[in-house]
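Two complexes, one shared chain (subunit A), two partners (subunit B, subunit C).
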Partner chain A sequence: METVRAGDAVADRAAALSIRGVTRRFGDVAALDDVSIDLEPGEFMSIIGPSGCGKSTLLRSIAGLEEIDAGHILIGDRDVRGLRPSEREVAFVFQSYALYPHMTCRQNLAAPLMMQELSALGRAPGLHRLSPRARRRRADIARRVDRIAAQLQIETLLDRRPLQLSGGQRQRVALGRALIREPKLFLLDEPLANLDAALRNTTRAELHALQRRVGATTLFVTHDQAEAMAISDRIAVMFAGRVRQVGTPDELYRNPVDLDVARFLSQPWLNRIDAATVARRLERGPARPVARIRGEALRDATGVVAFRPEHATVHPEEDRATPGLRVEVERAEHAGSDANLFVRLRDDGTPCVVRIASEGIDDWPPGRPALMRFDMDAAWVFPHPDPDPDAAASAGPAAQVA
Partner chain B sequence: MTAVPDTAAPAATAPDRGDTGRAGALLAGPAAFLLAALLFLPSSGVLLLSLTDYRFGMPDFGFAGLANYRAMLGDARVVNALGNTFLYVGVVTPLSIVLGLILAVLIEAQGRLRGLLRGVFFLPVTATLVAMATAWEVMLHPSFGLVNTALAALGFDKQRFLTDPDIALWSLAAIGVWKLMGYNVLLFIAGMSQIPRDLYEAAAIDGADGGWRRFTLVTWPLLGPVTLFVTTITLIRAFSEFETVAVLTNGGPNGATDMMLFTLYEEAFRYFDIGLAAAIAVAFLGFVAALSILKVRLFDRRVHYV
Partner chain C sequence: MSRALGTAVLLLAAVLVLLPFVYMIAVSLAPAGALWSGSLLPRPGLAAARDNYAFALTQVPLLRYMANGAFVCGMILLLQVLIAAPAGYALAKLPFRGRGVLFGAVILALMIPIQVPAIPLYVGLAYAGLLNTYTALILPFVISAFAIFLFRQFFASYPDEVLDAARLDGFSELAIVWRLMLPAAWPAVAAFATISVIAHWNDLYWPLVVITDTDMMTPPLGLAAFRSSGESTGNPGALMAGGVMVTAPLVIGFAFFQRHLIRGLGIGAT
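After this line comes the complex of A and B, so read on.
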């Protein structure tokens, strides 16, 4: 097997990925339920969703670590269903990194090449000297290890074992082991989850830059929506084994298809208020303006009005020039430049969050009555998620962010 | 144990040091007492006895210096037993480890019969050895034993497994392998269950998705610590073989199966030469201690990959 040499030639090798109707059942539970996603060559897509939504199972099915019960997976134009993991030309980075603990980093990086390009004789320590071909291949592997190490700036770590490295260093070695095969498809299963917060932010930027440089089609699984928003070309959102929405970070943020998706992309949570309550409150006052959300009259809508904390504002109770929802402040959480103000609706006790500048935190002591307004063009009306709207409204913040 | 108060108490809480130390001593006390009473005292006693000419039942004894050790090295019986022991250990240890490993890998690859197979191979460990030895005696009986019946049915000559001087030691070695292998199988299975699953998955993606490749890339290296432990414990247990000799051959025929611990026993409780027996015991202790030190000093660091 002759390998592509030049770094920029790798981009040509990047393959499209087409997932068509993939289903995977564990007993009665469908971990993947008719999942279809298409990736352009070289695209960086994240899969996000709550724990147990099937995102890791999907990634593992593509790699061949998990069997699928129905559907097809095409890498390039090759159907890889039934192929062994090593035959799929994919690279996989595990959350635990899964480095071989008994090998130095150099040996870890070389392992995929040694396994795929050398015969048993060539792999045998010492014996490879007998075969000129094995010697040449080994020299070639050593060169490629050095090159990937230089690219990831881990040259000084090459002779250490994984357990002697920090988490960030291990993560780089794991990336190197994945990249060294110049894969057509790059699969990352929460590779940043074990890093501390500061390192996670720099690493994700590096990861993104690296992916751009290498050009490999990349599927990145994470449960951290901010991470996905930051580095993806597109994001697929999964719930309960199904893909709910695929789109650019901006599309997802502005036009979520349903309440779940909107909720998942909101920090700390999505405000949801019964549409009738909102209409009653906002169409008050001398002018009795018709409240419209995205052009549609609220009084005709049924369901919940949803809006993000960053699109809401609080005002003193006396400020009645424009109508607002009457709330009472419960508490505030400092979050650096911003703060989250937790309030409760006077009408029905619905909990809401408002993003305020952290300088204003002292203006809103617990118990202070206030008026809450929100940007009607940044809100949505979704059908009630639950047949019983009262149950949904009183579910509370814990249930909403889960 | 003395390091506990040193590391646990920071300098700032100096007044607490004494308390921590007392608490530590108190907690370590029972274990230390038992160790001393059951291990160090008897061992020192044996060491002292090995320097005397004490004989069982005699009213007094005198200092003999190294005479017992000289006698031990000059005693044809002891030298013979030592040779037999080394041969036995040299055969039983590698065989029971390699077979144990192979069986463990095969059993783990098995689906439904896994539990049953584990039980079958672990049986020799749980069963009373004397009873098992008796069962072997029946199996190996020269005329109506199961093994000889099978040999005869296949057209081979019947063998006197336990009374032929050329065969007896090998028969005991075979029983020893059977006995130690089960324990090793279990230890290897336990070791394999500790290997992270994602290492196997990484190996599958890297091109080692089964068989020999996967074994050499993941299973065998990660069994390193277990293998070291298994080797040490198997060596020690093979060295201390006693029951099969005592029950099946009594060291015979003509000393062909005489081994170290059996000689020790006979010198002490048949010939009442406590001094010589103690010297053998000290030598035995030396072997075991040397093995343990070798394990810790030389090999522990190489298999834990830090």
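After this line comes the complex of A and C, so read on.
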């Protein structure tokens, strides 16, 4: 693991990023709809959202690979709208790594420096020997390639071509090609998506350490909320071209602004039950306690009660000491130290998931009736969602997990 | 059974194709009289072979023809690639209005042989005073619809993310063509080079139209002139020796390039 060393880098080059009212339309569809986000210099922000929410389009717009129809993008205090991609001093890491296939890794790493710092004469093979200046610059580029290769531990790969490398190695070379320009801004478009699970976790940690060391402002696009939670200073959640919420991982986890955001940040599933049903079931028994969610009496609420699997518990049916929701077990899924218990509400068949310890999995065979309770202080009441196509696509926990 | 039949058919075809070459070489090595000796293949003789080749080299400027042919083929190929690579790139990767129509026009142009615009081209070159020049031999061929089509098909499969990476790294669009696309498409370039050079080295039709000056003649036209000049009458050995020397560079070149030729066309076709 790389250690964080303060002050050994380009932190002073890191720039603030300000996205102001950016809109991009494809025909009638707004891929980006009045998007505004601000990043502090050196900040690591992730953008998450379902496929097609516009997160990649936003990243490509910042890099200048897509035009925008309205709004401004400021890198540092410079409005980059209209500038060519290479003039924006940003580095981009693509999901496919996008290495130049016929060049060696050394040539791949040197390419951005060769194209930006050498004249056509200096680039011409052989001819650069004629000019002492081109020769000096080439030597300088070679030194910088060696330095970055040492930093990423890819020295032994320098003379190979991308096709001869594993996914993880290609990913390092792609990172190196981005780093070597000492950019003001890093744009990463799902750079870990093509790695296998084990490698993804170590690379994620390395990426985070590298970013801390280099200090560059970073915008990281992913569809994996766990990945975003793990390494971000802040996260922006996008749906259908709009930014719904920006906040620290903790803020997003505790206080999602709406049902979509809460649902997106829940694994494997966000439990949603009609508020009236919950009130009816919980205000039972001799004591008739008033069901409150975060202090609000539930019987006055209209909408859905939402809570995460980790905030729910199951109990034997006979355990009537406190009220609970009557459910029937459907199936259980192992998830390492935990297990997910898929249950259905007996009242109206609403599917729910309860996180239990995996040792307890045998106590809950399919078909067993049970009581479900949840932490009222970790739940929310949201208005009923508008019927939209997104919701239909994930009609049940089984569909979402599959 | 059917396999044996297939082999027999292929063998017969090979013999039919090769026989003229074998006969050409045999005649070029034999004294003139041996041709009428009655045997199918004339008996070669060392002295006769030397005489035949020496005659062909001295009586007509054969080396000059070959130099002309090499220069013309080289220039045609260079300019074809220089024009077709950026054109193919634009058609494959740059969105612009009318791209589909333009690509349709390229495909249409593929179907038009040189004989169709020959007369306007001739008249134009004649008015420009360019008959009997290298320009007349080269200019009509520098825009090759086939090359544009072949390169476009090849370039279309190049990953777009790599192009985006290149733009971020500071490659201009032309640098993308020369430094990324063309090196990646070299099987197509090799295949096209082979086809182009063979076609233009062997071309008799167009040089016949625009060249009358002996100094400007290409190998096939030179040989035709040699045959009709009367110099070779009664000396078929020398004529065949000329034929062997003109054909040899192509056969040798093709032996080297045929693997790339097949591979390049195979990829382009998929």
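Rule of thumb we're sticking to: the second predicted complex is superposed on the first by the 380 of 402 C-alpha atoms of A that agree within 3 Å, B and C clash if a C-alpha of one lies under 4 Å from a C-alpha of the other, contacts with A are read in each partner's own complex, and residues count from 1 in each chain.
FYI, contacts are C-beta pairs under 8 Å (C-beta built on N, C-alpha and C of every residue); 3 or more make two chains touch, one makes a residue touch a chain.
Remember, predicted model here, so these are calculated numbers, not experimental data.
Partners subunit B and subunit C, brought together by superposition on subunit A, clash. When the two structures are aligned on the shared chain, A:Met115 is found in touch with subunit B and with subunit C. In the overlay built on the shared chain, the residue A:Val90 is in contact with subunit B and with subunit C. Contacts of A:Trp364 after superposition: neither subunit B nor subunit C is touched.
Legend: residue contacts after superposition of the two complexes on their common chain; A:Trp380 is shown touching neither subunit B nor subunit C.
Look at A:Gln164: by the touch rule set out above, it reaches subunit B but stays clear of subunit C.
When the two complexes are superposed on chain A, the residues of subunit A that touch both subunit B and subunit C are 60, 63-65, 84-86, 90-92, 94, 96, 98-102, 111-112, 115-116, 177.
Put simply, subunit A touches subunit C in their complex at residues 60, 63-65, 84-86, 90-92, 94-96, 98-102, 111-112, 115-116, 177.
By the touch criterion stated above, subunit B contacts subunit A in their complex at residues 196, 198-199, 201-209, 212-213, 217-218, 221-222, 224, 305-306. Touching subunit A in their complex are the following residues of subunit C: 159, 161-162, 164-171, 175, 180, 183-184.
Those residues of subunit A that touch subunit B in the complex are listed here as 60, 63-65, 84-86, 90-92, 94, 96, 98-103, 111-112, 115-116, 120, 161-164, 177.
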